[in-house]
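Order of writing sets the labels: A, B, C and D. Residues in every chain begin at 1.
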Amino acid sequence: MLSKAELYRIVFNSDTKQGRQFDIILLWCILFSVFIAIVDSVPNLPPTLHTILYILEWLITIVFTIEYLLRVYISHNTVRYVFSFWGAVDLLSILPTYLSLFVWGTNYLLVVRILRLLRVFRILKLANFNAESIVLMKALKASMHKITIFLFAVMTINILLGTVMYVVEGGRNGFTSIPQSIYWAIITITTVGYGDIVPRTNLGKFISSIAMIVGYAIIAIPTGIVSVEMSKAADSAQKKCPECSVGNDIHANFCSHCGTALQ
Amino acid sequence: MLSKAELYRIVFNSDTKQGRQFDIILLWCILFSVFIAIVDSVPNLPPTLHTILYILEWLITIVFTIEYLLRVYISHNTVRYVFSFWGAVDLLSILPTYLSLFVWGTNYLLVVRILRLLRVFRILKLANFNAESIVLMKALKASMHKITIFLFAVMTINILLGTVMYVVEGGRNGFTSIPQSIYWAIITITTVGYGDIVPRTNLGKFISSIAMIVGYAIIAIPTGIVSVEMSKAADSAQKKCPECSVGNDIHANFCSHCGTALQ
Amino acid sequence: MLSKAELYRIVFNSDTKQGRQFDIILLWCILFSVFIAIVDSVPNLPPTLHTILYILEWLITIVFTIEYLLRVYISHNTVRYVFSFWGAVDLLSILPTYLSLFVWGTNYLLVVRILRLLRVFRILKLANFNAESIVLMKALKASMHKITIFLFAVMTINILLGTVMYVVEGGRNGFTSIPQSIYWAIITITTVGYGDIVPRTNLGKFISSIAMIVGYAIIAIPTGIVSVEMSKAADSAQKKCPECSVGNDIHANFCSHCGTALQ
Amino acid sequence: MLSKAELYRIVFNSDTKQGRQFDIILLWCILFSVFIAIVDSVPNLPPTLHTILYILEWLITIVFTIEYLLRVYISHNTVRYVFSFWGAVDLLSILPTYLSLFVWGTNYLLVVRILRLLRVFRILKLANFNAESIVLMKALKASMHKITIFLFAVMTINILLGTVMYVVEGGRNGFTSIPQSIYWAIITITTVGYGDIVPRTNLGKFISSIAMIVGYAIIAIPTGIVSVEMSKAADSAQKKCPECSVGNDIHANFCSHCGTALQ
């Protein structure tokens, strides 16, 4: 029988063989349960398949419930775990199935069930993918401020463009209100272009042509921002040689260019 | 009672606590008034809501009018303020509501009302967002020249492509004139792709396939331009160490790499 | 009366005041003539406007003819000019109007008329826009080889994807032949997405989902290529200080960082 | 008569004149045979053309068969060649034509026939395009890990978004199941935007607007990743001068900046 400390190491860490096995089993359970929820939504499934999916969903929910109770039992600070982000996600991934026993028309519970997918990121976080995603995260955090300004400017353009098109198209051709026109503006500026709402007047077409070209040019801005930050993050993840200032791998002991010993 | 100089500091600057409070209140008033204008355009609103929105719009307009008169009164050089860019925007954000009393069919005044949104940028400019947006602006200004050449080249491609497709599709399938064909070319090259005008002839499909691939490749150009300028702007916002030429934060007093004192 | 050498300087160069004036007049003539051709294609124009456009087109053609004859007369090597790229473009910009006197159904001559637009680039080339566009051109030339490999790989993906979808959709739903399916693949991979051909089978939708995500990821490649080459081109357009190896403006005489005199 | 070693050099290498000629002939045969397969799929071709295409396909298949047998015969290690990647591709490019003699309804064999196109890459690999594509490949391999994390995050967003929209649109308007909704989410996030499935409810439109703007911002991430890796790959393909640390061409013997001899 495993002690509480040993269990903790297996369940919460991944630095032991058993810990990694636990993670991998959990990973597949999560992906499988999300797959079940997705397939279950397809209409006109044969009743037999429906029944099988129902049973599988309950089996996985029981596994997750045991896992949740285990986590609650072995965590050093139970209250902190329960109210932590991952504690909440763990609880939310089992609740919908139990609730579906009592509540009818539980369609919206589906979204909560799919939230299980988030748990995959905890497992990845524990695993080796860490180093790479830290560089990614660092670059994203550094560019968050500039991206916010950029998105605010884009929203302003969308609101102004939507209002202008609402007035130009005169509330017709799908531009029935400013919110609808803003919806069209977002579709256009982001180059999604569904085509469910399109300008019909010549002036409207002219204005949207300009908007498209502007949208085409400004997509370069977030790309530039992220590229620069990613380049910085990649640089700072290097050891700079004190002699020749060539960047070396973070784990290097000697400079790859001049052989100077690195601290 | 506040003196004229104290009022000036609150209204025009944001370096005092009251100045910042004034800015935040103004910010929410602007966003709220834009929200009202947007909601007001939705057709089939209940008459009660319409009346409430009408009253709210008048309340906010009165607030903005008081603010405008205050700005006119306290500014050191009244004439210069009134004819400045922000002075004009401030006036334009109150005019439409008053004009709507005298003019009927004031749909196009909506655009002027939405221009209020621009005032948000003055508030942001005064606030802390400054440093980030300066780097952004610097990079954009530096790349403006190259972007202009690029956009000119793209417009030439669009005009040539539009003319070719007008001739190829023979004025049918939506390609009814060269301006319409240019509108289609812009939709295609910018990858928006509404699908309201699509080629029907085989030659037309072949030519647009090539145009799409070209458009796909040239979107890389503005991105490259902005990335390089953004990288330069980020570099020049750093203090270079005279000893080891490592870039340091603009506010650093000592080099993060070798400890040399920076001017 | 101007000598042949003086005329040459005005017409072919732009280093004199008269040369620049000549260029600017020519620029506006070109843009105006292209504008006429575009407007002329709009159906249901009033007959009077049509007549005016017809007369204006002839006036501009006469101006261009005089300019062409002048260039032929004053160029040092007439044969070389006539058979040069720009000589051919100059001739092609006047031919269609004369040909339209003899040939009926001259719709396709429109494309040749629009080719006049290319002449704008000669004028820009002579003018100050030069320095910027040289950096752009240098970066594009350097990345041409990599972009070619990339486009070849994209075309291979499109052909394979088109064939797979033709087989999967069974020649129905718009996927009536492999060329049609390749046309759809190009629309999808380039993210244009007209929506005139869309998969209807579940397997088809699944395959196109994967294709879209792949297309989304690979658009990063040309951008990366151009960014790097543009960065290199911008670097090599700098003077590097021999002391501190900081990059300086190409026209700088002293290093902006340490003050060392630059050659 | 050529010896086995000489034949090997011609067929497998491209460092002799005959080897290059062999490659070029093979390249055109491949492209031509793919072209035949594509044209052959067009419905309502005249029967004569169909017969000609059929004969040409057999001719090329015979050429490829001879080439395959030659490769098997001359390769140093026959078993290794036959079971190698290129050996399998070579076999797969001749099999479909022979199989079509025995099997009816061989539409799916078309895909195998088109796989011949892959053989072009072997020829390019042997030829001079090598240096460029090595830099490309190196950058892609280095970014593969980060791109995988990114694509995984994008798929999570698509699954969550699809589920939310399935619940919001209530299984109507094309959002008939979660897989369908995920298909829509992918179309939207990748900015393809067919428009075959579009949200009809106001909440649905609001959520997709946010999704589009998010998609617009996150497309910057893979671009940033690839740009940085490509920049690193381009750097490491340079020789750094030990004196002034300026990067030189990999084949340079002396530093372009200070003239120091490079190893």
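In the analysis below, a contact is a pair of C-beta atoms (placed from the backbone, for glycine too) under 8 Å apart; a residue touches a chain by one contact, two chains touch by 3 or more.
Model, not experiment: these values are computed from the prediction.
Chains that touch both subunit B and subunit C are the following: A, D.
Counting hops only between chains that touch, subunit B reaches subunit D in a minimum of 1. Where subunit A touches subunit B, under half of the residue numbers in use are shared by the two copies, so each contributes mostly different positions. Comparing the chain pairs A-C and A-D, the larger number of C-beta pairs in contact belongs to A-D. Centre-to-centre, using mean CA coordinates, subunit A is 28 Å away from subunit D.
Here the spacing of subunit A and subunit C, counted between their Cα centres, is 40 Å.
The residues of subunit D that reach two or more other chains are 150, 179, 182, 191-195, 219, 223, 225, 227, 231, 245, listed in rising order.
On the side of subunit D, the complex with subunit C involves touching residues 34, 37-39, 41-43, 107-108, 110-111, 114-115, 117-118, 120-121, 124, 129, 132-133, 135-136, 139-140, 147, 150-151, 154-155, 179-180, 182-183, 186-187, 189-196, 219, 222-223, 225-227, 229-231, 234, 244-246, 257-258. In the complex of the two chains, the subunit C residues touching subunit D come out as 145-146, 149-150, 152, 156, 159-160, 163-164, 166-167, 170-171, 176-179, 182, 188, 191-195, 198, 202, 205-206, 209, 212-213, 215-217, 219-221, 223-225, 227-228, 231-232, 240, 242, 245. Residue ranges on subunit B touching subunit D, taken from their complex, read 191-195, 223, 227.
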